[in-house]
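Down below are the structures I want you to see.
The two complexes that follow have chain A in common; it is paired with chain B in the first and with chain C in the second.
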Partner chain A sequence: MFYRLAGVRHTSYAADRALWPVPVDRWQIRALLALAVGAPFLLPDLYLTSYLLPWLVWSTAALGLNLLMGWAGQIHLGYAAVMAIGAYGAIHAVRLGIPFELALLGSGLLSAAIGLVFGFAALRVKGLYLAISTLAMQYLVDWIISHVPAISGGSQATLQAPAFRFLGVPVAGDWSRYYVALAVCVLVTSFLLNVGRTSFGRALAAVREKDFAAAVIGVNAFYFKLMAFWCSSFLGGVSGAVLAFCYYRAVTPEQFNLDVSIQAVAMVIVGGMGSVIGSYLGAALVLLAPIVLNNLVGAFARAAALPLHQEVLSHIPLILYGVLIVGFLLFEPLGLAKVYANIRNYFLVWPFRHARH
Partner chain B sequence: MDVVYFIELAVNGALVGLMYALVALGIVLVFKSSGVANLAQGALAMVGAYVVWWLGSATGAPLWAVIPLGVIAMFFFGRGLERVALRRMVGQPVIMIIMLTLGLEILLRGLAPALWGTLLKRMDIGISQQPLFLGDILVNRAYLVGGAVALVLIALSLLFFNSRQGVVLRAVSDDQIAAWAVGIRVERAISLSWGFAGIAATAAGVLWGSVQGIDWTLSLLLIKALAVAILGGLDSIAGVLVAGIAVGVLESVIPGYVDPLVGGGTRDVVASAVILLTILVRPFGLFGREQIERI
Partner chain C sequence: MSGERAQPPPVLECRNVVRAFGGLKALKGISLQIEAGEIFGLVGPNGSGKTTLVNAVTGFYPPQQGCVLYRGGDITGMKPHRVARLGIARTFQNLALFRGMSVLDNILMGRHIHMRPSALATLFYWWWAQRDEVAQRRHVEEIVDFLQLESVRDEPIDVVPLGLQKRVELARALAAQPRFLILDEPMAGMNQEEKEYMARFILDVREAHGTTILLIEHHMDVVSSICDRVAVLSYGELIAEGRPKAVLSDPGVIAAYLGTTERHAA
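This part shows the complex of A and B:
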């Protein structure tokens, strides 16, 4: 009834293979895009800059990580380090007078190159060892950034993001920064929406499911794992640069420590591995839930006159990430994307309970 | 090149390394029996230290009474973790299980300070602060005691693997399905190894807590323990001993000579560098079984 599937009959392969074969989905996407573009006019600037903007940037980052974890089935516990490389690379590049667009690409390439080095070391071995060596990468990159003054500007230093122009337009206000983030996010999203339909995406899926089997049908598992690492690191670098330029507008080593890596992994797992909409939902939950829960617990403590320490409140985000990761892995391993899919499937055939679809 | 300085660094480093090995012991025990990389071991050590401290301060009992209690509590805590979380994940891809232990690590790291307070807690286990000279070498007493306890515990676990229960664990680590077929209760064996991981974690947590105080930073022992476990080979207890000493010595000697050149802080990256180099050169570690699937 809501999705009005009756009468939707595809008469060509192209139509059947479309990204959104059901018209309602297409309308939803158009509405969402319109809302995203119109958000600066609809929302107060505070919400725009402190909720919507970080959500978009983190969704971009989560999509990049999801390419590696969800599509290629590899694990990366040092994604914040990748983002840090991108952020520092872009800021130094723009300071040297390189145009922002090129700096963005360059930061992605830099992250991809360094990420590839670690990936090359790590991908010789599987699963567990990959996890541990990416963890080591996080520590190493953190350390190098904060101990090499040429990169970080000295220990405890903050590098301000210089003023920049995007496609010839100076990016100064909140609105323009939002639109830059939105543009990058839309680009990355459309890449990931389509990657599953390319030979590259299919090869990744084959490697994810069983690398021996993939090798048997002629897919070079090592090559495609490296490519997944490369692409994911590239996207991570770009999103790190956008995060530094559009959201923080400055960069310090602490913005990209291990906890941030864990946060990114939490986004992917909570959202659902291998799902585009899941990355958005996961990023939203991981970003918003601590804020909401902090306020709720604070309000509850005040209402019940409980002597709740600030310490407890300050640990709520960490506890929450842990609970979210553990809870979703145990009870809904496919994440929020699966929850969304369940709801959608229910309404696809509503008011009937089961139907061919 | 000052020989005494070098030996002093090496000896103290080796003792610290033994204390790292104690944390790594939990990782190895769990990996040996179930093939699960226990990334929650750092947090377990932290929780162990907190539990012992809390038992001590809540009851006012002396430490010799509190520590066994804490060990017992953590034994069951480890088993509980396995029962509630890990057992449900049997048969899932390894990436999921790793993430689950990492999630537990984060959860515990948030939960313990929230429950017991973030302020650094001092725990005095009765080691005097007097400097101890062996010849010309200054040795830290706390490290000496810690290293000795670690040695004893590692030796005990080596002995344990020759007992009847230990043979069961060895069978499980060899081949779970075959162990099942001959009537070994595999779940129970895995649960037991988690219990032992809890014990090793408590011992490590108490020792480290007495050295550096108890707060969430105890969970950072994870990366050092991982370095030890990887270098020694993930399924080798003897490897833990050797690798622990090796990592400890490296971690103490390298900063001793390199720090003045680069301005400090090399200590933190030695563990990461050890991990990366081991994985590059010899992924199964010094004593591990060569059964890593390469690509």
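This part shows the complex of A and C:
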């Protein structure tokens, strides 16, 4: 009904590879972009800065991790460390007087370089061992940041993000910070969308699916795993810098500890491996679920007049959150992206019952 | 492009190739030559070392002794992805397609060595990668036409029936425009009609591109009808080589296949 395929004809190979061949998808994207650009006018500043902004930044980060986990099939448990390198790198760079745009790029390159060193060592092992090696990166980077005063600014220190300009415009208010985050997010999203249709993305997927079959058609598996590590670390570094500058406006080591890494992995898994929209949905769920569950449980306890202890009340949402993630792994391992695809497929053939794939 | 001119080096030459797995000697010194433009059959009972020989050639299990020459150049122990760049393509006995990709993407993957995949080109897709993608797509569509895969082009590979999957794997190998093609049991599990299609495709590939082909196959009717020469392996040794008719009626070969002990090559 909505997603009419009838009349969608391709007259060139370029058109056949369009990102959104179905007109309604294109309208959806236009509407979403318009909403995203207009959000500061539509939303109260509180919602803009405490919900929408972190969601965009975390979606950017999740996209970066998804490139590594979803496309190249390599797990990374130290992604927050990569983001920390980017955040600290960018803040120090801007403090030294380097323009923000260059600092952003530089923070990505720094993260990518350090990530590559770890990747070089870590990619010699697979699966669980790779997970442990990347975990080591998390601890190592955490430790170095908190023990080197030149980086962290001293023990227990918080580094304030200095004032900065983006493309010549001073970024001071909530609105401008939001637009910086949006710009980076759109750029990263368009990159990830294109990964789905270029030889680069295919090579990553080939390495993920069958490395020996990839090798036999000339794919250097190790090189592409490294490239995935490099790109993913680059995106992680950039999103870490954006997180520090636009959301926290300061940086401390605790913002990027192991919990955050696990959260990033949860975003990718719950959202859907190898899916762009999944990264958004996963980030939304992981960020919002604790808040929503908190409010729900609180409201329910009040409505039912249950004499629950405050301690119990604060732990129930955590339990439900855990149940949610386990539930996803059990019942929809392809994540929220698959749920979205199912709904879309349903409407693709509506009013008939059979979905195409 | 027929290879009947004055003595170019053989496309593939194995000299005394030895490969053992622990105590098991899978290849006990195999020497053979495959000339340009040939369809060379490699047969033998299960476990006789056919696939191991292919793996030794393509770099998966480098030979422990002996050497492998491709068009006169030494490729012994070269990594598989480097071997592929020399123009050697292969298919696998048990399908090795990329699940989660469409048929088209699987075949496009075969163009890998002719493309320059990079993250930067992906970022600037519209200005940088698109033209190359479209150019490669044109090659792929020729192969899709050639192997009659139009109807399944956009299907995910997992839902395509087995016989067609085998054909997609051949398409992926052909997409690389190989000069030497190794087919490891391309007809395993196929019915008579599918087998005939596949045999026709193999002949057409040589006809159209002058590709030299090494064919591992158990269906003797196919081997004897399309191969120019045949070699027989048994327990890691080459027990016969020559014209299909002569080789397949050789008592030693029949013994190796049917298990008669009297003329077992030691």
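Going forward, the second predicted complex is superposed on the first by the 333 of 357 C-alpha atoms of A that agree within 3 Å, B and C clash if a C-alpha of one lies under 4 Å from a C-alpha of the other, contacts with A are read in each partner's own complex, and residues count from 1 in each chain.
Convention: a residue touches a chain if its C-beta (ideal position, glycine included) is under 8 Å from a C-beta of that chain, and two chains touch if they have at least 3 such contacts.
Just so it is clear, the structure is predicted and the values come from calculations on it, not from any experiment.
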Thinking of the overlay built on chain A, is A:A14 touched by chain B (first), by chain C (second), by both, or by neither?
second
Comparing chain C with chain B, which touches more residues belonging to chain A?
B
Based on the superposed arrangement, let me know which partner A:M227 touches: chain B (first), chain C (second), both, or neither?
second
Quick one: classify A:Y321 as touching chain B (first), chain C (second), both or neither.
first
Would you check which partner chain A:L330 touches, where first means chain B only, second means chain C only, and both and neither mean what they say?
first
Tell me which partner A:V219 touches in the superposition: chain B (first), chain C (second), both or neither.
second
Just chain B (first), just chain C (second), both, or neither: which does A:I114 touch?
neither
So, does A:S199 touch the first partner chain B, the second partner chain C, both, or neither?
second
Is A:L281 in contact with chain B, with chain C, with both, or with neither (first, second, both, neither)?
neither
Show which residues of chain A both chain B and chain C reach, each in its own complex.
221
Mind pulling up the chain C residues that touch chain A in the complex?
58, 60, 79-81, 84-85, 89-90, 92, 96-101, 105, 108-113, 115-119, 121-123, 125, 129-130, 132-134, 136-138, 141, 156, 159, 172-173, 176
Complex contacts: residues of chain A adjacent to chain B:
69, 73-75, 77, 118, 121-129, 131-133, 135-137, 139-140, 143, 146-147, 211, 221-222, 225, 262, 265-266, 269, 309, 311-312, 314-326, 329-330, 333
Any idea which chain B residues touch chain A in the complex?
37, 39, 85, 88-89, 92-96, 98-100, 102-111, 113-114, 117-118, 223, 226, 230, 234, 262-263, 265, 268-269, 271-273, 275-276, 279-280, 283, 292-295
Write out the stretch or stretches of chain A touching chain C in their complex.
12-14, 16-17, 190-191, 194-195, 197-203, 205-206, 209-210, 212-221, 224, 227, 230-231, 274, 357
